[in-house]
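These are the structures in question, set out in turn.
Shared between the two complexes below is subunit A, which pairs with subunit B and subunit C, respectively.
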Partner chain A sequence: MFAYIVRRLVYGVITLFVLSALVFMLVQFGGGSPLDRLRLNPRMVNVIQKLTVKYGLDLPLYQQYFKWLSGFVSVDRFVVLGASAWIGFGSVVAATAGLFFTKVKATWFRPARAFGVVAIWVSFFWFAKSRVDFAMDWGDSFRGDGPVWDLVFGAAGATFRLGVTALSLALIIGLPLGVFQAVRQYSFFDQVGTLGSFIAFSTPIFIVATGLQVVLAFYLERWTGLKLFFVVGMTQVGYGDLGRLAQMGDIFRHLALPALSIALISIAGYARFQRAAMLEVLHSDYLRTAKSKGLPRRTVLVKHALRNALLPIVTIVTLDVAGIIGGAIITESIFGWPGVGRLYIGAINAVDYPVIMAIVMVIGMGIVFMNIVADILYGVLDPRVRYE
Partner chain B sequence: MTHLWRSRKVAWSAVIIVFALIAAACGGTAETTTTTTAPAAPVTTTTAAPTTTEPVVTTTTTAAPTGPAYGGTVVVADDQEPPTLNAFVPGGDNFIVSIVGQSYWAGVQEIDGFTLELIPELVTELPTESNGGVVVNDDGTMTVTYTILDEAQWSDGVPISGDDFQFTLDTIMDPDNAISTTTYEDIVSTEVGPKSFTYTLSAPTVLYEFLFGNIIPKHDVEGSDFLNDWNDTMWVSAGPFIFNEWQKGEFIEVVRNDNYWKKAENGDQLPYLDSVVFRFIPETDSIITAFKAREVDVIQPPPASETIEELQKLEAEGARVEVLSGPVWEHLNFQFGPARLIRNPDSSNENLNYRKAVAHTIDKELIVDEILAGQVEPLDSFVEAFSPTLSQGSWAQYDYNPEKAMELLELAKAELGKDSISTVFSTTSNNDARVKLSELFDTMFSAVGIVYENQLEESQIFFGETLENGQWDLGEWAWVGAPGLSGLIGIMDIFDPNGPPPEGSNFYQWGTPTSSVIDDNTARLAEIRTALNQTVDPDKLIPLLQEAETILADQVVIIPLYARLVTAAVWADTVGGFKHNPTSAGHTWNIEQWYRLDV
Partner chain C sequence: MSDVLLAVDDLRTYFATEEGVVRAVDGVSFTINRGERRGVVGESGSGKSVTAMSIMGLIEPPAGQIVTGAIDFDGLNLLELPEDEMRKVRGGRIAMIFQDPMTSLNPVYTIGQQLIETIVLHQNVSKSAAREIAAQSLADVQIPYPASRLDDFPHQFSGGMRQRVMIAMGLSCNPELLIADEPTTALDVTTQAQILDLMLALADDRGTSVLLITHDLGVVAGFCDTVQVMYAGGIVESGSASDIFYDPKHPYSWGLLGSMTRLDAAQMHRLNSVRGAPPSVINLPEGCRFRPRCDFALDVCRERLPLLGPSDVEGHTVACHRAAELDLKLVTSEGAPR
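Let's look at the complex of A and B:
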């Protein structure tokens, strides 16, 4: 499996290299320059000249690209604050190695080990966040926003919060919905669910977002007098002064609508997919065998049917991350959510190449990574899958 | 038992969640919980805060007779977020930077939102020849003296002095900083006093009017990394508020400057508010919805007629909508350089009769009706967007007259030896108003027999290579006007025959070395422009400006169309003191005068 992962990583790096060159060219040939907004001010001529040199816009295109690329892969700063981060790192590496070398024959062990490794590393990154000052040299925003690394990762937290919530909502609602529809095939509930899924699929996300905003954040308050949801923002001003419970409430009231906007399409997708997968399993021979053995209906459905029907959804969910980020780009603008999507739109409007490139590459890396994760997870969850 | 436990657990969870939701919903917003009274504030009567569902319908004219109350927060929404707080670094020229900056910056002058004229801010009076603040010296130089207000001080209590002016000048002239040095570079000497600053320019020019619009505190900034240290935070304030917090992508909060030096006309210590929050919402529709939901108090949305109508419906609930003619003026123009032939090999722009025919072809009234719902009058001169009182309305001679246009076209055809005349119109395709304009032009030009074609482009392309290379035939875009004679003189650069792009800004290439039109008029305009930059005497400047206006209109170099609307809306039943300013000062120009009616 190790060789497989390395091979996939090499392919991923090549893909990202081609992607970066392609996007760089597209942005260049898309027309315009980041300094165009200054050109209609007769007094900015000398400023334009200075900035052209400062940003290297006077260099040939290939030189601009390689200048950007060399910065993108260079570390700007790496400072470990205190020994605890090193100790933590050592512990995590040891724990990971321990888990990999432990041999347990129980079927639950393989997935448990995989999730354990992920959990350990996520915890470590959370722990190291405030103990390690790390940045890549992604240059400065041409719009004057400052270092691109700080900009992108400053916004990434907000997008992560939104994306994880949306994904969770989609899983929590979409999967049970699909299962229930399959179990009650052709029932009224199934028909309504199918219709709802098609509507959710075919409605553009900006209409969903605006609709939720107007109905639940504006009219609901008018009708009931209760302000349950906010139209815009991630938190209200003075959030830090609120109590813990009020802070949680504030987060929920800001997060609910944008997360639901993004999740709706995924809910529909997961429900449809899960319904199909479940139906396929329900009509399989081994399930018929299980039923004929007299097993309780619940055991048949949960232990034999659902467990197998859940396998394909892993691939769908991991690949859906790209869709969720795509949805976030629009949703964040509508809800004034300070994430990467909103940053991306602003950068495109300002022809801010370094920011555009950084965001495209981060999303690209995320998709490549999630593809690899999907493949690995599939093997982990299904013992029949072997990597060569 | 297990089932019971599980169901109880679920039930308790549900109860807690519902309770949390209700508590959160009923918790109110932080904006209403942060109102405090300034220590120096006079005792005022307070009114109950209106709920978001039952707004109190009053207007700002019904402010409490005891005067504005102190305290409270106003939330201002904008679709842009500042890239930096520092106006002197790349990105600092964005309008939103100065909209926020109005709360903590101060300079020599500001633009009055009522009269749209320059008024003094940090100085006792604006220097002029008549008050002795400006002296044209015998050696051809010009000396300007500012007398700084005695009470003017930074938020840390340090007096604002001539040293700060000198430091500001040094910062602007530092070659490491990418700041426009125009006119500052002509300063040949300075003299610094505790409460005065004097500088000498190499030649007389009224462009001094706009210098030192934002002063940097030497004691706070000196020794810092100027390009990097002041992007996310701000130096000590000279304005009514102090920068407090910037949640990137969300909001900037400024809080009261207790050491603010300015008092209201009634003697009240300013500002009235405890804080102002600038919330950044990229989507216009979301701004409107947030305004309707009273999550924000003041907005400045794009002036689309549907938006204006939608906002005006809220006036019954306590909102006030101000729709004004702004400084941004749209104009039709001709390209005179050789690259126009790439766009239209049959271009006839060099022919005066053709240009006059075009001027008579344009139905400006219809354009204003269609694009601005008739909310403003069309422009008869670009001068109206700068100093309306100086405008002669020189383009009024070109009324909408298709018959006259056809006569002129026949003359043009005879002069050019052509059977037909064609034009290719270019502007930005991602601007709805301009797209509409192109459709209207199609009808108007076709009606008089001009073969017309639209070739619209993305703004990045149009404002990039198209403009720089002069690669259009008939074009349309906007310039920004500015009050004062300096603004009007500054805009003459775009007609300067000695200033072709990229160094200059005569994008039309009228009279430039490669132009198809080089004659006595272009030569005279070059002379006028030179003369305008050599004197500060209004008695000499105004006739020169009027002569330039006449030449430009008679030669139909451009055709001014209309000034864009600027819109602002405020919940006037809760926020008082607001007055929209359509100039570059923006709607926060008098932010120190704002107050809440519900504290």
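Let's look at the complex of A and C:
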């Protein structure tokens, strides 16, 4: 298992190298230069010359690439504030090692252990966030917005808030919907669910997003006078002066519509996948065996059917988690959400390739990493899967 | 040994499909005594499995429906039993073993979990006691190291071993009736006899009646006391195994026997086959259902469906208009008199 993970990580690094070279070339051959905007002004000739030298735009392409690469992999700053972070890190490592050497012969133990390790590390990073100042040297934005690392991670918080909310909504609604549809196959409920999924899945996101804005924000206010949802930004002006409860309410009122737009399509997708997976299991021989043992219907459906029907969904959901990192370009643009997606589209328009490269690499790393996570998770959940 | 355990009376199980109503089981009546080994033979689609599923109460509405009939199991009418009562019978007093052991066990739970689940459900025992019973039942089906193998998953067993596990699961609650639906069809020929021997020996020890569904006449000859032959949703002949084998009364049984390879045949003969194909159970032929394929059909066969009735041998029943006059023993497969 350990050797398998190491091998997958090595393959992942190679993949990322190839990805970076390809994207770098695509950006270069895409036409346009980061300094094109300045050329409109005749008095900028000297500035352009200075910036060209400063950014290394006069160098041959391969030198530009290696200049970017050497910067990308080097650490800019790494400061640990106080001993508590080191103590925390030490105890997290010890707890992880302890969990892995504990032997409990029960089937719930392996998933519980995996969950425990993830939870420990996530809470550690949460704790370390304010005590550790870490940054890679990803260079400066060509648009003069400052260090790329700070730009990307500044936007990442907004993107995670939106993506995690949308994904949770999709899981909480989509999966049960698919299960119930499968259990009552061809019923009225199933037919309505199928039609609804079909419509939601095939409507372009910009229509869903603007539609929600028009109906739930504009017309709702016009007809009922209720101003429930905001259509732009993450928080309103004067957010800092609000009380704690009012702040939470404000976050929710900004988050609801963009999260719902993204979630609608995912709900439809998950419901379809879950329905198909569940139907396959419902018609399986081992489910007939479970019924013939005289088990209650509920046990048959939850313990024997759902447990198996969730297996294929795990892979899909894990890869969707990786998809969060890239942000939602269209939705973020429509709702003025200051996330990675909007940063990305702005960088592309300005041929700001340090930012483009950084975002592509973060997305790439996320996908490589979550692919490995999906495979490991599958091995934990399905006893038939073994890695060597 | 003659008290009746299971009495099925005029069972009709239909399935609604887009092409029409499939009359999978259409008027089947039979009884099984305590300790009896009953073989059910017939071609695919003759209603063998659906009969078994109807007894187990596993016909899923709305597609499948038991239209009429009664299934009396030790004084209980299974068709009118409330669902929670039926669940006690299912798996506890009537157990079922299925055809394909490779797919009949849940892949994500250990053998032990699946065995213990059944035992705890039907017997009033603690989990640790159930584990001991589970280990004992694995030992009964001759699985080596039963206690440690309880923690293995189904994919760690071979096909034959998995069928042993299914048998252990079926018999772990000492059922009164064991329904085995082609239990050896998916297995290697060399393990088939072992598994059947084992299953029937264990059933004998417990006094369990067995309903063995198969299309392998050799299996029936070797292992069953009584046999019923099914064709297109109905029973066409029923009697003791030796009666059916040495004195078949129905042309279909006779045809089936003629199509069987036999090592003990007195003289070499051509392997026969029943001509034609089984009828569609959606559009059954008028009159006798076997008529279009029968070498002995008369006009009366076209007009009336023959009912299962007594023959000149005690306990041997047959559904054929010409049963009394035909002497099928004398008819060779080479030429049939008309």
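Here, the second predicted complex is superposed on the first by the 381 of 388 C-alpha atoms of A that agree within 3 Å, B and C clash if a C-alpha of one lies under 4 Å from a C-alpha of the other, contacts with A are read in each partner's own complex, and residues count from 1 in each chain.
The criterion applied here is as follows: contacts are C-beta pairs under 8 Å (C-beta built on N, C-alpha and C of every residue); 3 or more make two chains touch, one makes a residue touch a chain.
Since this is a predicted model, take the numbers as computed values, not measurements.
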Fit or clash - subunit C, subunit B, common subunit A:
fit
Check the residue A:Leu226 against both partner chains and state whether it touches subunit B (first), subunit C (second), both, or neither.
first
Give the label of whichever partner, subunit B or subunit C, reaches more residues of subunit A.
B
Which holds for A:Thr318: it touches subunit B only (first), subunit C only (second), both, or neither?
neither
State whether A:Gln181 touches subunit B only (first), subunit C only (second), both chains, or neither.
neither
If you stack the two complexes on chain A, which partner ends up touching A:Thr331: first (subunit B), second (subunit C), both, or neither?
neither
Output check: A:Lys291 vs subunit B and subunit C. Expected answer is one of first, second, both, neither. What do you get?
second
Between the C-alpha centres of subunit B and subunit C, what angle is found at the C-alpha centre of subunit A, to the nearest 10 degrees?
150
One more residue to check, A:Ser20. First (subunit B), second (subunit C), both or neither?
neither
Thinking of the overlay built on chain A, is A:Asn371 touched by subunit B (first), by subunit C (second), by both, or by neither?
neither
Looking at A:Asn308, would you say it contacts subunit B, subunit C, both, or neither? Reply first, second, both or neither.
second
How far apart, in whole Å, are the nearest Cα atoms of subunit B and subunit C in the superposition?
21
Intersection of the subunit A residues that touch subunit B with those that touch subunit C:
none
Per the touch rule, the subunit A residues reaching subunit B in their complex are 30-33, 36-48, 50-51, 54, 141-146, 151, 154-155, 158, 210, 213-214, 217-218, 221-222, 225-228, 230-239, 241-242, 245-246, 248-250, 252-253, 333-339, 342-343, 345-346, 351
As the complex stands, subunit A meets subunit C at residues 105, 107, 284-286, 288-296, 304, 307-308, 311, 381-384
Touching residues on subunit B, where the partner in the complex is subunit A:
20-21, 23-27, 29-31, 33-34, 51-53, 73, 75, 81, 83-84, 89-94, 178-182, 228, 231-232, 247-251, 253, 277, 279-283, 285-286, 289-290, 292-293, 295, 457-461, 463-465, 467-468, 477, 479-480, 490-491, 493-494, 502-505
Tell me, which parts of subunit C touch subunit A in their complex?
56, 58, 84, 87-92, 95-96, 98, 100, 103-110, 113, 117-118, 121-122, 151, 153, 155, 166, 169
